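Once you scroll down, you'll see the structures, which are given as C-alpha cells.
In the two complexes that follow, chain A is the common piece, with chain B as its partner first and chain C second.
And now, the complex of A and B:
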C-alpha cells in the first residue's frame, strides 16, 4: 500500500460520499410546502360510527370550525407509529377540551371495523374520526403516509404540518400561540 | 418466539462472518491451515443460519404472526397463501433477509467448490465474501431488522403492495434479481483475492467464469422479467422507463457484459488485466449502489422502499469498498502491466476493445442520468429529473454500435484478419443490411434509428448464423455428419463459444422487438356501449358487458370483450380494474393477446357504475413478444456456456478447471 494509491482512493471516494450524504438529507418526495401558509382545503366527511350496525350520519365540515384551532390527525389501524402518538394526541385533546381546540382524526386507507377495534383497544374514542373514502381529503392535504398531523389556525389557514409522529410538547407549542388569535365574540 | 429465533440466528451469523473473515486472513498470513479451514466452516454454518432465519420468517408470514414487525407491515389475513409467502421480498427488511440467504448460499458453495485450490487466493476471497455478508447481517440486526417484536400485537395487517399481488412474475423477478446481483459478489471476491494474494494471471478469471456467467444469466433474466412484468401489469404497454431502479439493475449488467467479453482477451492474450479487475469491482460496487438507490429513498422511483437510516450504512459500505478496491488496484501498478499487445486493428481483440469502450460509455451515461438529480440538488440546490429523452438520445447511438459489433466480432479471427476473410464473411450480411434497410425505407419507416436497427439486426443475424453454418459445414465434411448432428455436436464441443453466439441471437431478437414495438405502436382511447365495436389493426373488438366480483382480498371490475377478425370470433379478452381494500387507486390488469407479429393490448380505463358504457385504451404493439423470447434465448445461451463439459466431471478434483482453462476451440 503506498501513499499515492491511498490518496487517489480517498480523492475519488470523498466527493461521491459527500454528494450522497447531502442527498440523504433531502427528501426526494419533498415538494416545497404548498400547505403551510395556505388556506386549509375544506372537506365534508362523515363521522365514523363507533357501533358496527350504526349508519354513518353526521357530516363534518372543516368550515364549521372557523374561529377555532383544528388539529387533523391522519391515521390507520395498520400504522404502527400511530399507536405511539395516539396517547399523546388524546392527552392534549383532553387538556384543551374546554378551549377553542378541535381534534379530528381522519382515517386513511383502512376498514372502519379495524379502526373501531383499534380505537376501543386504545381506550375508546376521545375525539371523532372521519371516513375519507377514496382518500380525497388525504390527497388534498398532500399526505405522504400515516401518521401525519395538520394544524389549522382560526382563520382557516394551515399553520403546521408534520409528517410522522407528533408528541405533546410539539402540539402544545403549536396550539398555544394560535389560541391567542381566537377572537371571542 | 420467532422474533428471538430470527434475530438470534442473524446475530450469530454476523459474529461468525467477522470471525471467519479475520480467521481466513490471519490463517493465510501465519500459515495456519486450521484457521483457514475454520473460516470455511463459518461460511457453511452461515448458510444454515440464514436458511433458518428465512424459514422462520416465511412461517411467521404464513401463520400471520403479527408480533413480528415485518409480518405486521406486509401481512394480511385476506391475502392468498402464495402471495403471503412471496411477500418475503415485497418490502425492505424481508428483501434484505432474502438477500442474506442468497449471499450465504453463494459464499458457502463458492468456498466448498474451490476448497482444494492451493495458495492464498481462496482464503482472501472467502474473507471478502464474509465481510460482504457481515455488512448485510449488520443491516438485519440494525436498521432493517425484520424480526422486531411488535407490542401490542395488531389483529391484522395492510397486506403487501397491491402491485406485487397482481402478477405471477412478481414471484420470479425479485429472486432472479437477487441471484444476479448477489452472484456478482463471487467474482468480485476472487478479484480482491487475486489482488491481495498477487496471483494476478488469469487464474481467478478461470475459476470464476461460471460464477460470473451464472450471475449474469440471472441478472439478464431478472431485467427481462421486470420488463415483462411492467408490460403486463402497469397498463402503459411499455417495458422500460429509465426509472432509477431499472437503471440500477442495468448498470451492473452492462459492466458484467463488458467483463464477460474482455476476460477472453486476457485469457487469450494476457492483456487488459487491470481493466478486468476494474470491471468486476465496478460491477459489484454498482450492485451495492443500486441497492442503495432502491433502499435508501434517495431517489424517487416506483421501486423505492421506505426511508430510514439504512442509506447511511450503504454510503459507508460503498465508501469502504471503493477506497479499498482503489488502493488495491492502483497499488499493484507495474505488476498489472499487460503482457500482450494488439497486432492489428482488424482483429477480434479490437472489436472486444470497442465493445468494452461502448459498454463503459453506456454505463457512465446511465450512471450520470441516474445520479444527476442527486448531484444537482447537492451542488445547486435545484430539483431536476432526468427523463427518457436524455437516455434515448444518449444511448441509442451506442445501442446501434453494439448491435453492429455483435455481427462483426464473432466473424473476425484473433490477432489479424486477412482481406479475403472479410470478403467471405461479410458479403451476405452486408447485402442483408442493405436489403432490410432499403425495405424499411420503402415501407415508409422514416426514423433513422428504426431503419438502422432493422438493418443492423439483419446484418448481425446473418453474420451469426454464418458462424454456425460454417462450423457445421466443416464438421459435415470432416466427419460425414448430417447437418443437424453436425450443428448439435458443434455447439456441444464448443459450449462457451456457441452458447455466447446463441445469447447474441437473443440480443438480436430483443433489438428487433424493441425497435418494432417502439416505432410502430398505435394507441387509441375509445368509449363503448355494450354491443359496440372498435377497429384495432386487423381486428374488431366488441364490448359485450361489464361485470364485478368480490374476491377475498380485492374487488374486481372487468369488461368482457370479443375479438373478431373479418367478422369471425377469434378470441375473448377481459381487462380489469382491481380495488384493494381502501387503497385509492385501482390497479389495472390489462388484457393482452400475444401473437408473433403484434400484441393487442387493452386497458379498462373507466366505467359507468350501471354498466352502460366503458372507456378502453386499445393498443397495437408490434412484435413485443420477441423481447421476452430474446430474453429466454439469452438465458439459454448463457446456460449452454456454463454447462460443464463431459470431461470436467471426471476431473472435478483437479485443481484448476480444465474446460474453463481456455481450451483450443473456446473463444
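And now, the complex of A and C:
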C-alpha cells in the first residue's frame, strides 16, 4: 500500500467519521421550531369551565389581545414535565398580572375533567385554559408534544417558542423586551 | 296504450340516470380523496415518532395531522400547498424526503458518486488483475 492509497482512504473516511460524530451528538427527537418570526396563527377557542356542570361558553380569540404580550402554554394533565413548569408559569402570570401580558393555557389531548382536577391539585386556575378539539391550533403552532410555550409579541408575531419546560428566568427574559413594544393609548 | 309506459320509462331513465351517476361519483371522489390524503400523509414525518410517517403512525397527533391533510385537500388545496402548510409550521424537517437543494443535494448525489467511484475502482482493479500478468508473463 503506497502513501497515495493511504491518503485517499483517509480523505474518504474522515468526512464519514465527521458525519457520524455529528449524528451521535444531535438529538434525533429535537425539532427546530419553525414558527418564530411568523404571524401567530389566530384562533377562537372555547374556555374550559372550572365547574364540571358548567357548559363551555366563553370563546377566546387571539386577535382580541393584539397590542399585548401573549404567553400560550400547551399542556396536559398526563404530562409529567407540565407539573414541573406550571408553578413557574403561575408565578410569572401573577407577577405580570397588572401589565400588558396575557397567559393562556391550551389543553392538548386531554379530558376537561382530568385537566380541572389537575389544576385544582396545583392550586386552582390562575389563567384560562382553552379547549382545542382535533388539535387544530396545536398543529397550527407546529406542536410536537407537551409542554410547549409560545410567546406572541404585541404586533401579533411569534417571538419565541420553547419545546419543553420553561422557567421563570426564561419567561421574564423573553417578556421584558416585548413589553417595551406595547404602545399605550 | 302501448306507447305510454315506454315514454314514462324513458322519462324515468332520463331523470334517474344523472342521479345514479351522482350517487356513484361521490364515493369515487371519496376514494380519490382518501388516496391523495394517504399519498400526502406518507410524505410527512410524524413529529412524535421515530422515523414514521403521519400515514403510518397510530398516534393521536398523527391522526389529527392526517385529518388536517384531508380537510385541506377537500377544500381544494393542492398536495404541494398542503405540504407547504406543514413546512411553514414545522420546518423542512417535517418532510420525510428532503428537497434536493443546498446541502440536501449531498444526500442524493453522494450515493451516485460512491457508485461511480466504486465501479471505476472495480474496472481499474479488474484491468490490473487481468492485464498485468499477461503483459508481464513469459510466453510459453
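We take it that the second predicted complex is superposed on the first by the 153 of 185 C-alpha atoms of A that agree within 3 Å, B and C clash if a C-alpha of one lies under 4 Å from a C-alpha of the other, contacts with A are read in each partner's own complex, and residues count from 1 in each chain.
By our rule, a contact is a pair of C-beta atoms (placed from the backbone, for glycine too) under 8 Å apart; a residue touches a chain by one contact, two chains touch by 3 or more.
These numbers come from a predicted model, not from an experiment.
Legend: residue contacts after superposition of the two complexes on their common chain; A:38 is shown touching chain C, with no touch to chain B. Once the two complexes are overlaid on the shared chain, A:117 sits against chain B while remaining clear of chain C.
Legend: residue contacts after superposition of the two complexes on their common chain; A:141 is shown touching chain C, with no touch to chain B. When the two complexes are overlaid on their common chain A, residue A:10 makes contact with chain B while staying clear of chain C. After overlaying the two complexes on the shared chain, residue contacts for A:20 are found with chain B alone; chain C is out of touch.
In the superposition on chain A, contact is made by A:109 with both chain B and chain C.
Annotation for chain A, partner touching more residues between chain B and chain C: B. Applying the stated touch rule to the two superposed structures, the overlap between the chain B and chain C interfaces on chain A comprises residues 28-29, 109, 134-135, 138-139. For chain A in complex with chain C, the residues that touch the partner chain are 28-29, 31-35, 38, 109, 134-136, 138-145.
Touching chain B in their complex are the following residues of chain A: 1-2, 4-6, 8-10, 12-13, 16-24, 26-29, 76-78, 80, 83, 109-111, 114, 117, 121, 133-135, 138-139. Residues of chain B that touch chain A in their complex: 69, 72-73, 150, 152, 154-158, 292, 296-300, 304, 307, 311-312, 315, 318-319, 322-331, 371, 373-375, 377-379, 581-584. Of all residues in chain C, those touching chain A in their complex are 47-48, 50, 60-61, 64-65, 67-68, 87-91, 93.
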